[in-house]
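Let me begin by handing over the structure; questions about it come next.
All chains are identified by letter, namely A, B and C, in their written order; residue positions are counted from 1 within each chain.
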Amino acid sequence: MAEHSEAGRVTRKGGGLAAYLRGVWAVAEKDVRTEFRAKEVVGTMAAFSVLAAVVFGLAFDLRVPRPELVVPGILWVIILFGGVLGLHRSFGSELDRGTLTGLLLAPVERSAIYLGKVAANLLYFLIMEALLVPVLLILFDVNLLKPLVLLALALGTVGYVGAGTLFAALTAQNRARETLLPVLLLPVLAPLFISGVGVTAVVLDGRGNAEAWPWLGIMGLYDALVYAIAFLLVDVIWERT
Amino acid sequence: MTKRAAPLIRCEQVEKRFGHKRVLRDVSFSVAAGEVLSLLGANGSGKTTLLRIIASLDRPDKGEVWLGPVPLSTAANEIRRYIGVVAHTPLLYDRLTGAENLQFFARLYDVKEPQRRIELLLQTLDLWRWRDSAVRTYSRGMSQRLAIARALLHDPPVVLLDEPDTGLDRESLKQMTGLIRQLRKRNRALLLTTHSMERAVAWADRVVELRAGRLHQLEGPNRIGK
Amino acid sequence: MNAAARTAGADRWFAPLLIFDILAALAMVGVMWTALLYAGDAINLAGVEQVAQRIFYFHIGSNIAALLGFLGSVVGSVGFLFSRRLVWDRWAVASVEIGTVFGILVLLSGAIWAKPAWNTYWIWDPRLTTATITVLIYIAYMLLRNGFDDPETRARFASVYALFAFLSVPLTYYSARLFRSIHPIVFDGANEEAQGGFGIGPTMGQTLTVAMIGFALLFLAILFHRVRQLELEARIEALRENYDE
């Protein structure tokens, strides 16, 4: 078909992995750029996480003898609920403004669009967590800046964002999308959540790193599964819109 | 030349259902390179659905769409490089500037020398002055022109225009006519939808109408613009 | 096939359904009799616990039905994604709906039994956690379906969710198992810290088999009815659309 046009002159063809990654990067950069102008997501997530930390502080501080007992749970609950606030905008805003069609018309793999969105969401989560950890240190006097806790946060965030972005795509066209996303997401995230609390508790109790590794293994396995499924099924989501 | 013989768009017995409702039935037609086909039809007649199917956004339940020699049902994502779409909505990010929008899509389409191409399109469509303003400050006509720039960014051989005349003033309509003529001269295959019989005839080589999902031939090949 | 001309009695589902209904009814009578009368007492239990252990048969029976529902949803979803035929989706959704009812029965019967045996209704044991999460996933699955109008989109998105959920459930179990378990493992007794376990005699083993078969048949009978109902709904919808045209 190229002989009919000069399309080959204007655009590069194929390109393999490099072109794929350029697509991922283009989507991620576009998302972050629009987000920092619109401030729809990061501000909400950050404000929620600080607010939730304060509320948990008020709720538990008077009743719990040692904050180390509740901080692992508080950390992961806040990430769980704070993250869901931002995720639905990932495709929601594209759909509201009719721009999803423009994205899907582009000659890039669907998984590249998905990964671009994942990358942007990872950045938003990172900002939220970078704020949350010091806030918990101040409010509860518990230092979470330990290598294994940070590793668990990294693994947990990667898995959460992977599953969350996939489900955001699933629910974007649903009538009840904002309310539905947490209902879909939370039960499926149970392994990450349980393991995240587990690692954090082990580290804060000073029980030794050996006990933390099985949890981290489950988180790693979960992450691998999430992305494997996402790659297999992301085309199914957008084969027609 | 064999260009007329080998159509760039070919629909064969396309049928589409939503649930159990048949939106398109037995739709067959083709558009050659250098040809403009107008698709008339009332709201809900299936025009947009048909365009979405040809744009590879939707799958037909029966039948097949061919772009050149490639059947869409088996085509890879790469095929989208050959299609340019101007849709109902501009498909633009209103927080980004005009130039940023085009830069983003240039990266998705892997346009060589994007800056030159973007400048050329913005100049032609009279948007160069506003290239650094956010799209949400654009007027309706400006957004529409930027949407056209977006669609032509990768210089596609197949151009689909879904009601390009809505909301355009007299001046923009004239520009649109010029643009269509120019694309036609450059051997692009154009398929456009419109409500207006007058413009359907003025712009196209052939006019067809969708009524309740069926295609009706209205006018044979004529000599507009020759 | 002229749908309007077909009467209910000439339905191809009619005969197999009737047979299954009768089989399931007989089997459930069998379950009641064996579980409440035939099965012997547990050797090492007394008092309230002795009475409560009989709920075990219903617990395991419902568990089998819930498990079948879970498997059905996965088979139906995979089948749909490969074949793109809505028949598969109807099997998936029917499995989930009925699986949810039995899943809730498993949780309730477990809680009722746990109060005398463990002196608490609830404990975050891996099996309890996993069962609860699975029921929550089922409910989420139905809510997701609820928000889509187009049956094809609904089926596609629900299948993606069901597959994802299927793979996350085992991980939920393993992560919860890293906490110590007190759920009795009746069949291999390897868990020395299990509380409320009991040895299993020959009559109890037979009763268990009857309960599992009975509940499986009950599940299948309800499943067939539900799938048939969904198929009729789809047909009515099709007739209505054609009538509109």
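Please note the rule applied: a contact is a pair of C-beta atoms (placed from the backbone, for glycine too) under 8 Å apart; a residue touches a chain by one contact, two chains touch by 3 or more.
Quick caveat, the model's predicted, so the values are computed rather than measured.
When every chain is reduced to the mean of its C-alpha atoms, the one closest to the centre of the whole protein set is A.
With centres defined by CA atoms alone, the chain at the far end from chain A is B. No other pair of chains has as many C-beta pairs in contact as A-B. With centres set at the average Cα position, the gap from chain A to chain C is 33 Å. In whole angstrom, the spacing between the mean C-alpha positions of chain A and chain B is 36. Centres computed as Cα averages put chain B at a distance of 51 Å from chain C.
Each of the following residues of chain A touches two or more other chains: 239-240. Against chain B, the residues of chain A that register as touching in their complex are 1, 4-7, 9-15, 19, 22-23, 25-27, 29-30, 33-34, 37-38, 97-99, 101-110, 239-241. Chain B meets chain C in the complex at residues 18-22, 212. Residues 3, 6, 8, 33, 55-59, 67-70, 77-83, 85, 87-96, 100, 104-105, 107-112, 117, 134, 150, 154-157, 187-188 of chain B are the ones touching chain A in the complex.
Only residues 149-152, 237-238, 240-242, 244-245 of chain C touch chain B when the two sit together in their complex. Contact residues on chain C toward chain A in their complex (touch as defined above): 81, 129, 133, 136-137, 139-140, 143-144, 146-148, 153, 156-157, 159-161, 163-165, 167-168, 171-172, 174-176, 178-179.
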